[in-house]
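Labels for the chains are A, B, C and D, by order of writing; each one numbers its residues from 1.
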Amino acid sequence: MIDKRVESLASAVADICDGATVMVGGFGEAGSPIELIHALIDQGATGLTVINNNTGSGEVGLAALIKAGRVAKMICSYPRSLNSTVFPELYKAGKIELELVPQGTLAERIRAGGAGIPAFFTATSVGTPLEIGKEKRTFGSREYVLEFGLSADFSLIKCKRADPYGNLIYNKTARNFGPAMAMAGKVTIVQSESIVPAGEIDPENIITPGIFVNRVVLVENPQHESALVAAGVSYP
Amino acid sequence: MIDKRVESLASAVADICDGATVMVGGFGEAGSPIELIHALIDQGATGLTVINNNTGSGEVGLAALIKAGRVAKMICSYPRSLNSTVFPELYKAGKIELELVPQGTLAERIRAGGAGIPAFFTATSVGTPLEIGKEKRTFGSREYVLEFGLSADFSLIKCKRADPYGNLIYNKTARNFGPAMAMAGKVTIVQSESIVPAGEIDPENIITPGIFVNRVVLVENPQHESALVAAGVSYP
Amino acid sequence: MSPEMSNSEIIGRTRDEMAKRVAQDIPDGSYVNLGIGIPELIAKFVPEGREFIYHTENGLLGMGPSPAEGEGNPELINAGKRQVTALPGASYFHHPDSFAMIRGGHIDLCVLGALQVAKNGDLANWSTGGPDAIPAVGGAMDLVAGVKCIFVVTQHCTKQGSPKLVDECTYPLTGPGVVNRIYTDLAVIEITPRGFQLIELSPGVSFEYAQERTGAPLLPIAP
Amino acid sequence: MSPEMSNSEIIGRTRDEMAKRVAQDIPDGSYVNLGIGIPELIAKFVPEGREFIYHTENGLLGMGPSPAEGEGNPELINAGKRQVTALPGASYFHHPDSFAMIRGGHIDLCVLGALQVAKNGDLANWSTGGPDAIPAVGGAMDLVAGVKCIFVVTQHCTKQGSPKLVDECTYPLTGPGVVNRIYTDLAVIEITPRGFQLIELSPGVSFEYAQERTGAPLLPIAP
């Protein structure tokens, strides 16, 4: 019978292997699955390609994973947030690769990866340095660039409520990349603030249907990145 | 100030012009905006291109619009439903054009039209007669065809509840094409079973944000196509 | 025509028995899309100890059985436009999301009917290609292009007695090389690089009987 | 440098006055995306009798003002990652849907800051292109490619006194020919096929004063 709950953060991320591509949900701290990322640091996988809108802040969560030297390449739209120092230093030192993708193109590429669309055209980045190397084509009177779907070996996301089938709802603007990354991850691992019996979430209100989710782990009181950064916490 | 409610079905569809492209929501009878379609029949616009998954049944709703000779072309995936006689007769007589599109490709083309994506690649229809005339390309080891975004001058959809900003929720499987067509219509016209004050629909549960909606008209007790067909009703 | 073929006695599995046989091969926890016709019957035969989640492409995951008489809802239907129910844990979604499930490879298994299946796995199930036919494809091409594993369940022959399992499809394809297994009234057959590999004969059906009704060689079960 | 340019007296509009001036040109009922910096101030100045709906690309339509001290929620933020509120009628959505609003042409107006604007409407606002700069683009390229009308609000000159309104951008572009209007401390300027068309000078600013601080000809207001 179907029950996607796993007992611990450690077991949830146990099979993430060296060199894996990992999508990490969140926009800034909203929706960032800090506890799953910390479990991944403890687990030790390295040489990762990480897809996230940002590069974390302070020395916790995603920034801590980067600081620990586990990330070979970031695919993101904005690696220069407030309190983001770990990535810039490694980047300037040539120790981490960056693929810069406009935010909407990033979101659409992730959705495409999850929806079986290998490539699509978009007007974003036409006439800018980010069009370099991209195939261009005119439709109607306008130029577009070809962009490719993105998928991942694993997606780590955070939600507000889940059920044992992996149906999810999110909290406010913490929803952001979660639903698309759940679709695009071969294995989608979710930390949820609560887990309720099947049927308790109104089927009209489910944002991520369970078909996109493989594992759910309960993290009842997740930490807030900004509070950790303000307190000067450095993980581990 | 923003209030998208309009007084009557007639005023909601008043500006649909001859030759317009009109998306009509619904999968079979679920989600079919029968009252808006009947208002469009009364209004008289002709030479329409209509996008719907099917072609209606009996002689009410979409089938009645087709029977009245107002539809020059149908874009759909399945024009051969139970009790569908109007379209087959006109089609065999060469009096209506058909563009047959696989259902998922139709849904994705409509979403693309609403999302500013002029074209995308998909594996659906590769190696079948429906690939004829389509550009093909290999990504990885697989062949795909290029499909184009679809948009419309008007979209007519049905929902369960709306607010004056045009935020919408739907009912069960009647949701189907509504959200994508709301995005892809230059003017999106909605019939809703109830209209509540702004803020009464939980912002977490809104399926179609009001930005995609132009007009909302109250139809408290919409008719069911199957009941009309069973009763032998023919509109007008 | 052999004497057996004109025999009015029922030989091989009934529709319900075919559906039940398919269900035995569906792994626990599978996300399954069932086509219209015999595939719909499979939902009645979930084996003890297993759970399948049914997807219907018009926008529901967790589809349950037909409602009791008079309790249906015309806005809760399946892809065949028949009224259904939603089980605890079900979810509703719109068409682009529903077909993202299909086209993105998230559905584990799809069971479809067929007009013809070729020995290389080509499937024809949407059109006879007749000049007078109204073409109608629905979600069939999306399903065969996107779902990981495609089972076909069908009568072995048409009502006129012609084989549906053929050397090469004469009807327009739904998808090339997409079928994994075929369940008929007479046999269970796997598509392999060498062609139709017999897996199992239905009770009371001989190899020769099945072969006579198949339009390409049946590879016998390895001894 | 002219004597005026070294004048420490404030000439022209303050940041708040610039924001208020932009707000006057936004039609009632507009769906508006506000960039980070001066654009954020516009929300304070909705003219009497009008209603704007603010979109923030991280996933909220109907964004309201900052929360009262201590009442914020770290999971209710805007694109600048600042805590905000949601007004009645607001809705939350995921990133692909949010950028479908932007890229699909559904947002009426976007107000952005700028490093440079060229006389043909080219905008540079994401990178100075320096060899040591960490490139970071966020949603800026999506906004200028997708939103119907792009307003820029910016100081007329850099802190060093160089014009930001230029003949040709030297910084990497965010988008070519995308800007419709520019609101600065000194003037309101429309991009036309002929170049920078002056619409309005700020109180106390002369044409010559504004022209001296502009890197391309300012077309005077038609008499």
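Just so it is clear, contacts are C-beta pairs under 8 Å (C-beta built on N, C-alpha and C of every residue); 3 or more make two chains touch, one makes a residue touch a chain.
Values in this document were obtained by computation on a predicted structure and should not be read as measured data.
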For chain A and chain C, chains touching each: B
Greatest separation from chain A - chain, by CA centre: C
Pair of chains joined by more contacts [C-beta pairs], B-D or B-C: B-C
Chain A-chain D separation of Cα centroids, rounded to whole Å: 30
Intercentroid distance (Cα basis), chain D paired with chain B, Å: 37
Length of the line joining the C-alpha centres of chain C and chain D, rounded to whole Å: 57
Residue list for chain B, restricted to those that touch at least two other chains: 108, 111, 115-117, 122-123, 170, 172, 204
For chain D, residues contacting two or more additional chains: 86, 92-93, 96, 99, 102-103, 145-146
Interchain pairs in contact, sorted by label: A-B, A-C, A-D, B-C, B-D
List of chain C residues in touch with chain B within their complex: 56-60, 73-78, 81, 86, 92-96, 98-99, 102-103, 129, 132, 134-142, 145-146, 172-177
Residues on chain D engaged by chain B in the complex (per definition of touch): 28-29, 31, 49-51, 53, 55, 61-62, 86, 88-93, 96-97, 99-107, 145-146
Residue numbers on chain B that touch chain A, as the complex places them: 108, 112, 115-123, 139-140, 142, 144, 148, 169-170, 172, 202, 204-205
In the complex with chain C, residue positions of chain B that touch it: 27-31, 77-82, 87-88, 91-92, 98, 100-108, 110-111, 122-130, 170-180, 207, 224-227
Complex interface listing, chain B residues touching chain D: 1-2, 111, 113-117, 163-165, 167, 183, 197-199, 203-204, 206, 209-212
